[in-house]
Amino acid sequence: MTICVTTIDRSAGTLANSLAELGVATVHEAQGRKGLLDAGLRPIYRPASIAGTAVTCEVAPGDNWMIHVAVEQCQQGDVLVVTPTSLCHDGYFGDLLATSLQSRGVRGLIINAGVRDIATLTEMKFPVWSAAVCAQGTVKETIANVNTTIVCAGQTIVPGDLVVADDDGVVVVRKEEAIAVLDKARQRVANEEDKRVRFEAGELGLDIYNMRERLAEKGLRWIESED
Amino acid sequence: MTICVTTIDRSAGTLANSLAELGVATVHEAQGRKGLLDAGLRPIYRPASIAGTAVTCEVAPGDNWMIHVAVEQCQQGDVLVVTPTSLCHDGYFGDLLATSLQSRGVRGLIINAGVRDIATLTEMKFPVWSAAVCAQGTVKETIANVNTTIVCAGQTIVPGDLVVADDDGVVVVRKEEAIAVLDKARQRVANEEDKRVRFEAGELGLDIYNMRERLAEKGLRWIESED
Amino acid sequence: MTICVTTIDRSAGTLANSLAELGVATVHEAQGRKGLLDAGLRPIYRPASIAGTAVTCEVAPGDNWMIHVAVEQCQQGDVLVVTPTSLCHDGYFGDLLATSLQSRGVRGLIINAGVRDIATLTEMKFPVWSAAVCAQGTVKETIANVNTTIVCAGQTIVPGDLVVADDDGVVVVRKEEAIAVLDKARQRVANEEDKRVRFEAGELGLDIYNMRERLAEKGLRWIESED
Amino acid sequence: MTICVTTIDRSAGTLANSLAELGVATVHEAQGRKGLLDAGLRPIYRPASIAGTAVTCEVAPGDNWMIHVAVEQCQQGDVLVVTPTSLCHDGYFGDLLATSLQSRGVRGLIINAGVRDIATLTEMKFPVWSAAVCAQGTVKETIANVNTTIVCAGQTIVPGDLVVADDDGVVVVRKEEAIAVLDKARQRVANEEDKRVRFEAGELGLDIYNMRERLAEKGLRWIESED
Amino acid sequence: MTICVTTIDRSAGTLANSLAELGVATVHEAQGRKGLLDAGLRPIYRPASIAGTAVTCEVAPGDNWMIHVAVEQCQQGDVLVVTPTSLCHDGYFGDLLATSLQSRGVRGLIINAGVRDIATLTEMKFPVWSAAVCAQGTVKETIANVNTTIVCAGQTIVPGDLVVADDDGVVVVRKEEAIAVLDKARQRVANEEDKRVRFEAGELGLDIYNMRERLAEKGLRWIESED
Amino acid sequence: MTICVTTIDRSAGTLANSLAELGVATVHEAQGRKGLLDAGLRPIYRPASIAGTAVTCEVAPGDNWMIHVAVEQCQQGDVLVVTPTSLCHDGYFGDLLATSLQSRGVRGLIINAGVRDIATLTEMKFPVWSAAVCAQGTVKETIANVNTTIVCAGQTIVPGDLVVADDDGVVVVRKEEAIAVLDKARQRVANEEDKRVRFEAGELGLDIYNMRERLAEKGLRWIESED
């Protein structure tokens, strides 16, 4: 059965802005290096940085019909996440759909396929992370699921999970883990600020992290010349 | 026999500026979703938007000799379209050739290969859509055809056809179809403007396009939760 | 044995600024079209243009430990060149390591792998040429060599060699050939300036380079129409 | 926390042989075209055809340590499914590990990374579907999860799910859906046999599936010549 | 308008067997190194070698409906050539369609997309050159053209042209050029046989082709050692 | 200056047969996991296994002239290693050149580019490892170096070095390290044989290599179920 689920748990949505500020690399580290979408998803303009609750959408190859169904499920603070059911780089999404999403307060689009009208999307400041840019349009013939659990660019996305995206890529945070991840990410940033000051002052990572002894134990030898 | 054809039919050239304004995605839709070059061709800077009459040029792998032959065939309002006879990402084209083309009023270059000097090309505002950026130069040893019908990045290009290129990619319009395509593209834009206003007002594509009944007929079910 | 070599010959370093001004394409031509790294290495922001003496660093897949070892070997005017021992697109390098390198006067990073924190790196104006952008972090478990001769992106890099990088890519110049290359590159630029003036004036490459006769000898025929 | 789960539900294992006989394409169709792993996974020899219960294993890039942990969890009738935590084509698996798995009655390996010793694996008749063949070995430094739910080559794999693999690729069948899928797949095959006889007799799909009228309704026109 | 053209010129079909025997590389050389389809099209089994008259077929992404329409246009001695209107690796074609084509005397399939059931296709000895193997099936919703001029894998294919395919790839020969190409190809083979005898006897290409003087003129120097 | 070096040090050639028997993966491990060529080089038929002394050859893109020069430098027991000066997948090598090499006792070809006539090469049992199969031929216009140190598929190859190639890929062994590598490789094989017996008997790698304690120290926990 093909379904569109109309009620999803957005309880973690209040944490989105804080995660967006921390950034993808920090959030990814803080949750134990999991949840990163394939690095082939790139922002259509830079810099760009968002976070929000995932509304998920499957699409058939060359067919963007279900994006229209998904738009109705989107609310203020959401991020639309779209995955094709097989590899396709067509331009599934353009400025009209972006206008529709922007009017609903949606923060951006993550799509493991192509988009078009990127000059207009850039002017509108509607951020998109996509696998391709392609002017090739799509048809509206085949249905698929909206707001079910999907795999997008190598990661499982459950509707209502938090999606964080910036110039470094896209990461998903499980809604039930979001508080703990946020906490760890903040610790990490605080710790990094301290490190940054020391690095700026010229201190070495070898000393800051006490690496010299362990390197020597592993067998590294410092020598003056190779000959 | 290897030839350079010196007379081509540029009669559709007067429509180029109008097509450029409409953009690649709109023109591609208006002509029934045909004529789009492979999405691997990307602009070296953005935004960029041009249209013009195609002068075509084949080149041997690692050999840009024929581009010099093609330059002489270029006139005000042309776009030079270059295709290698086998896969090659070398930098066939740089700032000197761009200077030569710009002095003749050529609007840009489409090349299914590599280019170089892109910092200078960007400063010169000479737009290029290429398959790669590569500093590797080329030799001048092998001849090939100029202004014959070629296949470039998956599409047939007849000399004198209109080539439209922008941030979304590159599309070719047959010269004999250009008036009809322009007409349909304008209708499409007018129609889209109306839609955009409705989308901005928060109306849904589901309603604007009357999709709900057909979706249900295809078997889509809206449910509150997956469980 | 795994080693970190602590003394390298930076005698060619005084030529770096001159080579940077000439640019990658010119330098590559001037040294007989050799030394170009794979075109898959792209700058994280544009325009960017550097040259400096190479400090080399191998890293295991998913492991950036040795970059910390390499930082200590870096001096004012160096460029750090990192190659993984097998294909890996993880984000080996971010803003903290960049801060450390910048504090030592290092001019940039060349890495045949991924980097992250690119929004911050862009703000810091620390230029990087990488094979990917990826938020996936790395571990610190495996040692490898620093300042030995490596192959990075298809080219041999000897520590102390000059590395030149700009929007067109990255080229390596052997330290012992640097003076000769600089000399030839300057001749080439002088020669190009003269050509540029002639191209701007509308003169054709066919005439500037006397190509017509040789083209005809090879068999090229100019004809009015293909039919 | 990093874990190795020691008890998994293999209740669907009795259906494996039947699914293997039906083949990947048929099973994939029968379950509504879902569950197919990325087509980049290819068998190291052909023909090959297996099905079994999934034991899952994550590995760090360039590190095959956890495969040894996973082997202990494998039983007669299992298929080992391995996914790297980031893109890596190293040779994680060779003839010794295959000997170990074969001694336990494991039916094959699915790995979204590289393998080696493929001449020996082919002689041993131990089938492997991998993303690459690569002699580059791996280290044993980093732990990761065994028998947790993973994403491998774009699909979610729950331990104990059925994995079916043949020359066409790899598909996963949820253990709780396996009976229904098997039933539909058998109907499909029965139906196909009937069709095959008609096709062999020269009957057309256009007639077997009554397509002519619907094609005409969509606008297809049969004409003698394009001119 | 979307059309299926029912009458094509197969007058060159009598030359197909002779071209198949000569092979793709020889035919490609004989016609001046033109007409080669992208090297990404590979045979599903080897060795395989065919030639025949092209019946052409466009398909929408993820939609194989038009292949059924094309089958009806196929006759004894034809080769079916299928191109998707945008990039798609789905399995458009399997053993039932192969049975249908085989019953009509069709010699093989060329498709710039995916196929499935390749174990059965191999047993049936129905040769296929495809861009991918993929078990992902397709729908039947969208119409496209049959027996119009198409671009497939970078080459223009006119219905009735000769298509030659073997382990080296696929080449198209214009029907009106086929006699001349066959003639040149035979000369080439005769010439090669003579060369082969001389190579077998240990004679060098340098001498057979009189290359030494020209190499020296270009500047090649033979030296005993590099130092 | 472009040169062909006529005298190379083949003193390690006597070790080639022994290395070939040990295989690429074992040799690669034995020399500390270095020297492996890019995994994109694949054999045109399987199984295939050779080793020999390297004769090196650069070629311009689309130009195989220098292979003829290199043939003359080849002797009994050599392996010809060819690298293009920029990316090119053309078919540089076919059955005539293979006949010439075979008549001189050359054991095979390694080429980071394309080859053709692979059906004939397979019949002749002339093994080739290439980056592509492509019927596109080449010209003979541009000179390049023979028997100089090159980078091929990511590795430095010095003329006279040993090249070992089999179904797993291609590895280079420095001539001066060959005896030590052979010695270590033999130890490794002996050691592996012992392991194989234990694996066949059902013993686990966890126990054979004493991994349990170290895994627990790193933090791995064995648990019955994830919930």
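Labels for the chains are A, B, C, D, E and F, by order of writing; each one numbers its residues from 1.
In this section, a residue touches a chain if its C-beta (ideal position, glycine included) is under 8 Å from a C-beta of that chain, and two chains touch if they have at least 3 such contacts.
It should be emphasised that the depicted structure is a prediction, and the values quoted were computed from it without experimental measurement.
**Student:** Comparing each of C-D, B-F or E-F with A-B, which pair has over half of its contact pairs in common by residue number?
**Tutor:** Equivalent contacts to A-B are found in E-F.
**Student:** Out of D-E and A-E, which chain pair has the most contact pairs?
**Tutor:** Answer to which pair has more contacts is D-E.
**Student:** If you average the CA atoms of chain A and of chain C, how many Å lie between those two points?
**Tutor:** Each chain reduced to its C-alpha mean, chain A and chain C end up 30 Å apart.
**Student:** Using Cα averages as centroids, what's the distance between chain C and chain F in whole Å?
**Tutor:** Going by mean C-alpha positions, chain C sits 28 Å from chain F.
**Student:** When you check chain F against every other chain, which residues touch at least two of them?
**Tutor:** In chain F, the residues touching two or more other chains are 33, 36, 39, 85-87, 89, 134, 136, 142, 149.
**Student:** For the complex, which residues does chain C have touching chain A?
**Tutor:** So the residues of chain C touching chain A come out as 1-7, 65, 68-69, 71-72, 89, 91, 94-97, 99-100, 103-104, 114, 116-119, 122, 132-137, 140, 142-143, 148-149.
**Student:** What residues on chain C touch chain B, complex-wise?
**Tutor:** 23-25, 28-29, 33, 36, 39, 42, 46-47, 49, 166-169, 171, 192, 195-196, 199-202, 204-206, 209, 211, 215, 218-226
**Student:** Could you list, by residue number, the parts of chain B that touch chain E in their complex?
**Tutor:** Residue positions touching the partner: 33-34, 36, 39, 85-87, 149, 151, 154-156.
**Student:** Can you name the residues of chain B that touch chain F in the complex?
**Tutor:** 60-63, 85-90, 134, 136, 139, 141-142
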